[in-house]
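In this document, chain identifiers A, B, C and D correspond to the written order of the chains, with residue numbering beginning at 1 in each.
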Amino acid sequence: MDEKDTDRLEAFSDGVFAVAITLLILDIKILPLDPSGKLPKDPQLWSMLLGQWPALLAFVTSFSTIGVMWLNHHRLFKHIERTDTGLLLLNLLLLLLIVFVPVPTSLAAEYLAHPDQHVAALVYSGTFLLLACCFIVLWRYATYHNRLIGKDTDQRAVTAISRQYLFGPLFYLITFGLAWINVPACIILNFVLALFFAFPGHPLRHIATATEKCLNFFSKDDQSREATKNDKFD
Amino acid sequence: MDEKDTDRLEAFSDGVFAVAITLLILDIKILPLDPSGKLPKDPQLWSMLLGQWPALLAFVTSFSTIGVMWLNHHRLFKHIERTDTGLLLLNLLLLLLIVFVPVPTSLAAEYLAHPDQHVAALVYSGTFLLLACCFIVLWRYATYHNRLIGKDTDQRAVTAISRQYLFGPLFYLITFGLAWINVPACIILNFVLALFFAFPGHPLRHIATATEKCLNFFSKDDQSREATKNDKFD
Amino acid sequence: MDEKDTDRLEAFSDGVFAVAITLLILDIKILPLDPSGKLPKDPQLWSMLLGQWPALLAFVTSFSTIGVMWLNHHRLFKHIERTDTGLLLLNLLLLLLIVFVPVPTSLAAEYLAHPDQHVAALVYSGTFLLLACCFIVLWRYATYHNRLIGKDTDQRAVTAISRQYLFGPLFYLITFGLAWINVPACIILNFVLALFFAFPGHPLRHIATATEKCLNFFSKDDQSREATKNDKFD
Amino acid sequence: MDEKDTDRLEAFSDGVFAVAITLLILDIKILPLDPSGKLPKDPQLWSMLLGQWPALLAFVTSFSTIGVMWLNHHRLFKHIERTDTGLLLLNLLLLLLIVFVPVPTSLAAEYLAHPDQHVAALVYSGTFLLLACCFIVLWRYATYHNRLIGKDTDQRAVTAISRQYLFGPLFYLITFGLAWINVPACIILNFVLALFFAFPGHPLRHIATATEKCLNFFSKDDQSREATKNDKFD
């Protein structure tokens, strides 16, 4: 049993997140040759670049989602202080799904311009739905009777994370449903959800907090520090 | 001679493990065009996705195996405190085999649906057999007369690892043999072996421990902590 | 809110920078077969290699730019001691642009030999222009009323960085303009700018400092140490 | 000027080394289809795998060389304690060459089976020749008048490294010359050189030390520890 050091687990996870997030770019290929085997001229190239919007939208959405999931992984492991085989395996499962993301992203990019086709968007949203569930299982496993949590961890912070994460599968179920109705809207909602999970705290008070944050952006230092503190204990 | 810091060795190894495990996904390519050059419609896409099961099975098996080998690498280097040129070279050999894994994985994925062809499965199991041997050599090199082991290392833990690892080549020899008989069974056994090596301790008491663990999963904190401790001294 | 540790943020960013900078090489492909399906002979191979100069120039320029941007990221995070959600998101935006660099690099490599086509060079310089702006926003966000800066940070160092970074968008605007006039000159200026931002300190005193540095290179240790110190307080 | 922490420099370099060494595997592609569009049967697959020996030899040689260069990078940075802009730029140049290695490796793999063609082997050996020179320049820059070296660094260790590294360009010049005469011999000599630079210490006493090491492999712990210490002060 490996207790006390989550350092190498985090380093390895960081590595996998970093490689997976970067490999997303390999899907954006601007074909340099037109059908007659020549390089396209400037006006053609412009329209080719603009025609890549589905690939770019899918890239930005998946990048944001993986990025914010890294951020949440980071947040969880600030509370998790010990590891055991169960946690290591759950973490590997999480990483497996993260590594899988480029495949549905590529599918979604291909099918975004064909809004009558829904399978690609279903697979895309389904992957994120699974990831959201996986986060909950990992967190529940680690916090169950403080199994792997530090003794001086703020229980309110733990509960706040547990509560926020419950909304994950719920919200991704909505994007999953949206995939049957409108594919671009589904991708865009996935992007909005990524931003949503970037901010910690209770979802119902979330929009209020976000607005407050925007207002505080250029306000005085002390005030914003206080806002940050309050936010912590939501 | 580099003594006392295995930090950068571990960081570099983590990086190689992380990149190799992520590159596995590059093999899963869902061709977005059918033979007539058009995107397949939804029903076609479903059957294309389902037709990718050999690639997915090979991906999941190799991901698990590399993941659990990372985990074991991590476990060994909790005991190894010093490095020398021999260890660095043996570690490089281990990493070379890890980096090689995507090649047999790609082969296995291609040939899983052709169960009368055995070469791909032989190469696949053979790679893991070599890796299991390489782990034993590295561990024996490091522990021989406590060459690179910390002074206060628990000798029982060292012996437990040595004993468990002996089963590695043995078990992988069985998958190697199975490759001659049934290719999918060989791949699935490789997956089961990955899970097996995720749990530390004596193989004969292993199934018992696993069951105990399952029972302890939702039991009280103190009990599971004790179970963990006992497990350490097997 | 995550305060006090930027360690994992830096580790993850290092990972993304490292993968993105290495993926640049995937664009340099020396086709091993000539049109008749045979390997080219030695003289042909020479001319094929020499014909790759646009890809090599674009590779070296993008490698230098990402490398120096990593260096500046490193420099900023020596002053930034805390993180909050805003910083994490701005950092993700920065990484998204870094990950995107291989795409315009590939375009620039393709179009360098066609100096009458300007779109590729515009996209190339535009990406770096956005990156320079992103660096300013991240730095301003972190330093605004010392939001995330250490208390004992040298205010002069902070101001020096703020002042130097203002020149970033300015200089990249020049390369953006140059893209309309002369494509190779635009790429080469981008390379020169990368070197420029490798050196910290005030841009107007920069060429003087660089010369001084060259002279000090083989001069006595004490003198060069002093030159370094002065440079710090520019 | 960034002084005192080479931590992030090492982390970033580790990342680049790890990605570059892993990307080498992308060159080994076993085509799963024969010319008639079918999967090859077992006997064909065997001969196809055996026919990949040039790619495998080039892969193993480049992997070993990058791996041992990482090892030497690691060795140098145990002595280097401070960084400045010059060191950061020289390190970037070193990493650029490391990242470039997959290109000549791919070329060498393609041309190994055509021993009358020498350009590929020249480019291959030339890259390593440049890398060996780059290592010397970086080391000389860091050690010149103890510019970036720790105060309590053993001067004999510094001198030993300086002396060993001088043999680098010399030996790689020999492989460069060999590329004109015999291509496979050139690749194999590169592999031997990688092993050679894995062992620290004076080259002339090297073969003796290596033999001694082999003999000590299964000898008593104390003796081998002493042998290691002596080796340090060569």
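As a working rule, contacts are C-beta pairs under 8 Å (C-beta built on N, C-alpha and C of every residue); 3 or more make two chains touch, one makes a residue touch a chain.
All values derive from a computational prediction rather than experimental measurement.
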Keeping to the contact definition above, tell me which chains border both chain B and chain C. A, D
Copy pair chain A, chain B: interface residue numbering same or different (half cut): different
Quote the value, from 0 to 180 degrees and to the nearest 5, of the angle by which the CA atoms of chain C must be rotated to coincide with those of chain D. 90
Going by C-alpha centroids, which chain is farthest from chain A? Tell me that one. D
Rounded to the nearest Å, the gap between Cα centres of chain A and chain C is 27
Would you kindly tell me how far, in whole Å, the mean C-alpha position of chain D lies from that of chain A? 38
Could you list the positions in chain D whose residues touch two or more of the other chains? 11, 14-15, 18-19, 23, 26
Residues on chain A engaged by chain B in the complex (per definition of touch): 1-3, 5, 8-9, 11-12, 14-16, 18-20, 23, 26, 84-86, 88-89, 92, 95-96, 99-100, 102-103, 106-107, 110-111, 114, 117-120, 123, 144-147
Give every residue of chain A touching chain C within the complex, in rising order. 10-11, 14-15, 17-19, 21-26, 28, 30, 32, 39, 41-42, 45-46, 49, 60, 63-64, 67-68, 70-71, 74-75, 77-78, 195, 198-200, 213, 217-218, 220-221, 224, 228-229, 231-232
